[in-house]
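In this document, chain identifiers A, B and C correspond to the written order of the chains, with residue numbering beginning at 1 in each.
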Amino acid sequence: MFFQIVEILGTFAFAISGVLVALEKRMDVFGVLIVAFVTSVGGGTLRDVLIGFTPVTWMVNMIYVYAILGATIFAIIFRKRLDFLRTSLFLFDTIGIGLYTVVGIEKGLAIGLHPIICISLGTITACFGGVIRDILCNEIPVIFRKEVYATACILGGLTYFLLRKFPIDYNFVFVIAGSVVIAVRLIAVKFKISLPSLYKHEMKN
Amino acid sequence: MFFQIVEILGTFAFAISGVLVALEKRMDVFGVLIVAFVTSVGGGTLRDVLIGFTPVTWMVNMIYVYAILGATIFAIIFRKRLDFLRTSLFLFDTIGIGLYTVVGIEKGLAIGLHPIICISLGTITACFGGVIRDILCNEIPVIFRKEVYATACILGGLTYFLLRKFPIDYNFVFVIAGSVVIAVRLIAVKFKISLPSLYKHEMKN
Amino acid sequence: MFFQIVEILGTFAFAISGVLVALEKRMDVFGVLIVAFVTSVGGGTLRDVLIGFTPVTWMVNMIYVYAILGATIFAIIFRKRLDFLRTSLFLFDTIGIGLYTVVGIEKGLAIGLHPIICISLGTITACFGGVIRDILCNEIPVIFRKEVYATACILGGLTYFLLRKFPIDYNFVFVIAGSVVIAVRLIAVKFKISLPSLYKHEMKN
């Protein structure tokens, strides 16, 4: 129940981030809706397709569709005032990433994949909605350039597999690993930490 | 038999629209062929992958491959004179969209998906070939910005599910829903109706 | 054993080609890794998804992940000196294309697909990693414009099905078809042969 609410909040926040990017690109209502949709469920969809879990999740659980439709309508109506919500949205988005990462890892574990692959699946679930959003908007994906987004997912994933080596309650592992993702991202954004661009580094030499 | 012919005409028209875009981007013969292919079968392929219907349709029914190869050769040879055919191509293309929409809806129904998801599948089948074409050509997908393309599909899909509530012959529902898609698009193009760009609207305020 | 080594060399060379493109786009470490990954296994992944062979190959055989991680670390460390290796890398890359083409063809044959579809699968396996790399880097895929890359794969594929009509040892067919791919590409690059851009041709008239 708690996780379900978190997931809906995450889906909602992801969808709004899609709406904002699409509005900047001067898309029409349909384009905005599609970009909101893809940003929200694109990562999970790619994960499901890669592991053969079809029909993909959002096709069989309508909660995603309703959350995204709601978020899109909400974001279009309040598009001039979303700045007031920026902090809440950032928080939902970050919580969503934490949850999506662990959900992705567990989908991989459930079919017996290697830990490295499970962490990849978690990272894909959390990050590739944004990647597909940026491709549809004709941009180089932002997470390839400056966000410590994937790094947070990978660290959370490593925590997950580390904790599983100990006799710890399963729900606890889930929450701690998700929290690591959230904490890393919050810290990185607060202190403006980002991965070095290898190219710029090159230029300086 | 009738539907099969319509489908081939639609595939043909989609492929030619791909060739024209690829030629403008100065692609070589191979690039032109791939873009033609993707424009024609990209939407149905994405639908098949999302619902786990694999190998995807064009791999097991060679008619698509032959139609696309034929269309590509035809379009390359007559590329300087295709303007004469613009009206016919537009018509085939529009008929193809109508048919593809209903075909996509029925693929979803066949595996028991929710009507909203079925309409999404119909829209994906009809529209996402063009979306992938535009991504390959490094453009923001045109249907996100100005074409009343997806809207026509969605209205046709709603018609489909509305009619199914009545005791109407199945083939009739199929034809009417497809015709709504076609009619909406023809009317929209004739009267230059398009969805508002929310951003431009914003600017004017 | 021999094929396994060739496959690892090909994966390695593809990954390095991804790293080089990503560095030029000023991506951070994570972006570089993802682009390396996609360049290496993107084609095979698309093939697996299209034929429903899931979880996709790199998720169940860790050798790819290790080869790509190794190649990425190697390429980042030696990024200023990779010019010395350019010839070796080009050779590995070309050998990889030859091998990937035949592997893709055989995956299609194994599930009874039509020769044209099998050749498409071989070409997708060999070429679409580069296509996805270019899309992620916001470029029109290079193979649509100037490289005789896909043409080599198609010619190799035709050779494969031609030879199968004769009572020739299976391994021999495999090697000859792969070698045709390699030879065509080497000759094309050496003599700077490329497919004509139909558009430029148009302009000259």
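Here is the rule we use: a contact is a pair of C-beta atoms (placed from the backbone, for glycine too) under 8 Å apart; a residue touches a chain by one contact, two chains touch by 3 or more.
Because the structure is a prediction, the values reported are computed rather than measured.
K.L.:
Taking all residue numbers at the chain A to chain B contact, is the shared part over half or under half, that is, same or different?
P.N.:
different
K.L.:
Through what angle, between 0 and 180°, must chain B be rotated so its C-alpha atoms fit those of chain C, rounded to a multiple of 5?
P.N.:
120
K.L.:
Can you compute the centre-to-centre distance for chain A and chain B, using the mean CA position of each chain? Integer Å is fine.
P.N.:
30
K.L.:
What are the residue numbers in chain C that touch two or more other chains?
P.N.:
Those would be 49, 52, 135, 138.
K.L.:
Would you mind writing out the residues of chain C in touch with chain B in their complex?
P.N.:
49-52, 108, 111, 113-114, 116-117, 120, 131, 135, 138-141, 143-146, 150-151, 194-200, 202
K.L.:
So in the complex, the part of chain A that touches chain B is made up of which residues?
P.N.:
It comes out as residues 22-32, 34-35, 45, 49, 52, 54-56, 59-60, 62, 65, 76, 79-80, 135-138.
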